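Going by the order they are written in, the chains are A, B and C; count residues from 1 in each one.
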Amino acid sequence: MSDKPYLTGRTYLFKISKGDDLLAALEDFCVENQIKCGLVSGIGATISCNYGFYDQKKKTYIKHKYDGAAEILSLAGNVSLRDGRPMVHAHIMIETAEGKVSGGHLMGGTKVFASELFIQELVGEEKSRKLDKATGLFLWTNVKN
Amino acid sequence: MSDKPYLTGRTYLFKISKGDDLLAALEDFCVENQIKCGLVSGIGATISCNYGFYDQKKKTYIKHKYDGAAEILSLAGNVSLRDGRPMVHAHIMIETAEGKVSGGHLMGGTKVFASELFIQELVGEEKSRKLDKATGLFLWTNVKN
Amino acid sequence: MSDKPYLTGRTYLFKISKGDDLLAALEDFCVENQIKCGLVSGIGATISCNYGFYDQKKKTYIKHKYDGAAEILSLAGNVSLRDGRPMVHAHIMIETAEGKVSGGHLMGGTKVFASELFIQELVGEEKSRKLDKATGLFLWTNVKN
């Protein structure tokens, strides 16, 4: 692999508010600040959480919803472009009051109780997602990776 | 949201020793190096682990303790100020020998078997925690986020 | 602790392909790009996953293998040198179709369905791993940490 390195651009550490939609808040932040490529992480707690498990054979996400208080044990992902718009691809892991740990592909509708988020902008060759037939996923299509 | 970006400051990658208190070691490191804002992550293994689940209704942490060997699957969080002193807010996830995965808000008294830690200092507007009545948590009070 | 800070060097965000060995791909990338020290993270999905739990008394890894589709909920670790060659030490956490979450020390033979990876090079004092008798692990031996 001969990927070109990125330069680190702007760096953000911020909170979002009770009731905010986690994925929408991240993507809105990227749109408002014109962040086209970057790294995302965060912690916090959710009021409800929507996440997906990708069925590699059927090439579709199986959607899960947990309604109830949970800790965000981990939130990690990236920002890149899809149809010219910043898109956040992140995986979340939560633990419920009963001690059950689960998670997957972060989906819209996840409401936070509180959350502290980090975005590291990356400056360089933009990454765009296109449908990849082999996996059914929207993957980066740049030639060199 | 119109947060100002941070500049990336000093960057540390270091280990702590067998028996060290994970949270205390992170906070001591920040105090000694005067890191007032930043990002924290790490991996390793614990001898014992203390973590909390936040009861969103009672507004208090339910404390959990696991005494025994465990892998640190993930450790992620941030550094900011509380009462003028660097405070680390991090979430940890562990897996025990029996294969049970659990975690939550990292608490004092967690002893490591070995751990490799990363701190990215962020330079810019300092973030200070104050009690937020809506959640009962100590959240950042800066006007713009 | 009086660790010297690192400078952030090159920054990479890249994907690997279906069937690639996750650990080998990370280490090959570091070798090809001469990354001797850094931070690693990523998300994605696996076709099969090999990970270890460290038995702190017997000082050996208990190896686990999951054959089947799984989401990578978290992948976090670092790059340093062992015997002069870049070595990636990372912990992975996966969730299976049945909703079981598990993970540990990432081992060779883990095949991805798709994966998006981040490497932040750190420039400064190189870190080398040597056998640490107290833990049985290959830890950084630099004097100051």
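A few points about this structure:
What we mean here is this: a residue touches a chain if its C-beta (ideal position, glycine included) is under 8 Å from a C-beta of that chain, and two chains touch if they have at least 3 such contacts.
Quick caveat: nothing in here was measured; it's all calculated off a predicted structure.
The rotation relating subunit A to subunit C, fitted on Cα atoms, comes to 120°, given as a multiple of 5.
Homomeric contact subunit B/subunit C: same residue numbering on both sides for under half of the interface positions. Centre-to-centre separation of subunit B and subunit C, using mean CA positions: 21 Å. Residue positions 8, 41, 74, 76, 93, 101 of subunit A are each in touch with at least two other chains.
Within the complex, the subunit A residues that touch subunit C are 1-3, 5-8, 37, 39, 41, 53-57, 62, 74, 76-78, 80, 89-93, 101-105, 122, 127, 132, 134-135, 137, 139-140, 145. Residue ranges on subunit B touching subunit C, taken from their complex, read 8, 10-15, 18, 28-29, 32-33, 41-43, 45, 47, 69, 71-76, 93, 95, 97, 99, 101, 113-114, 116, 118, 121.
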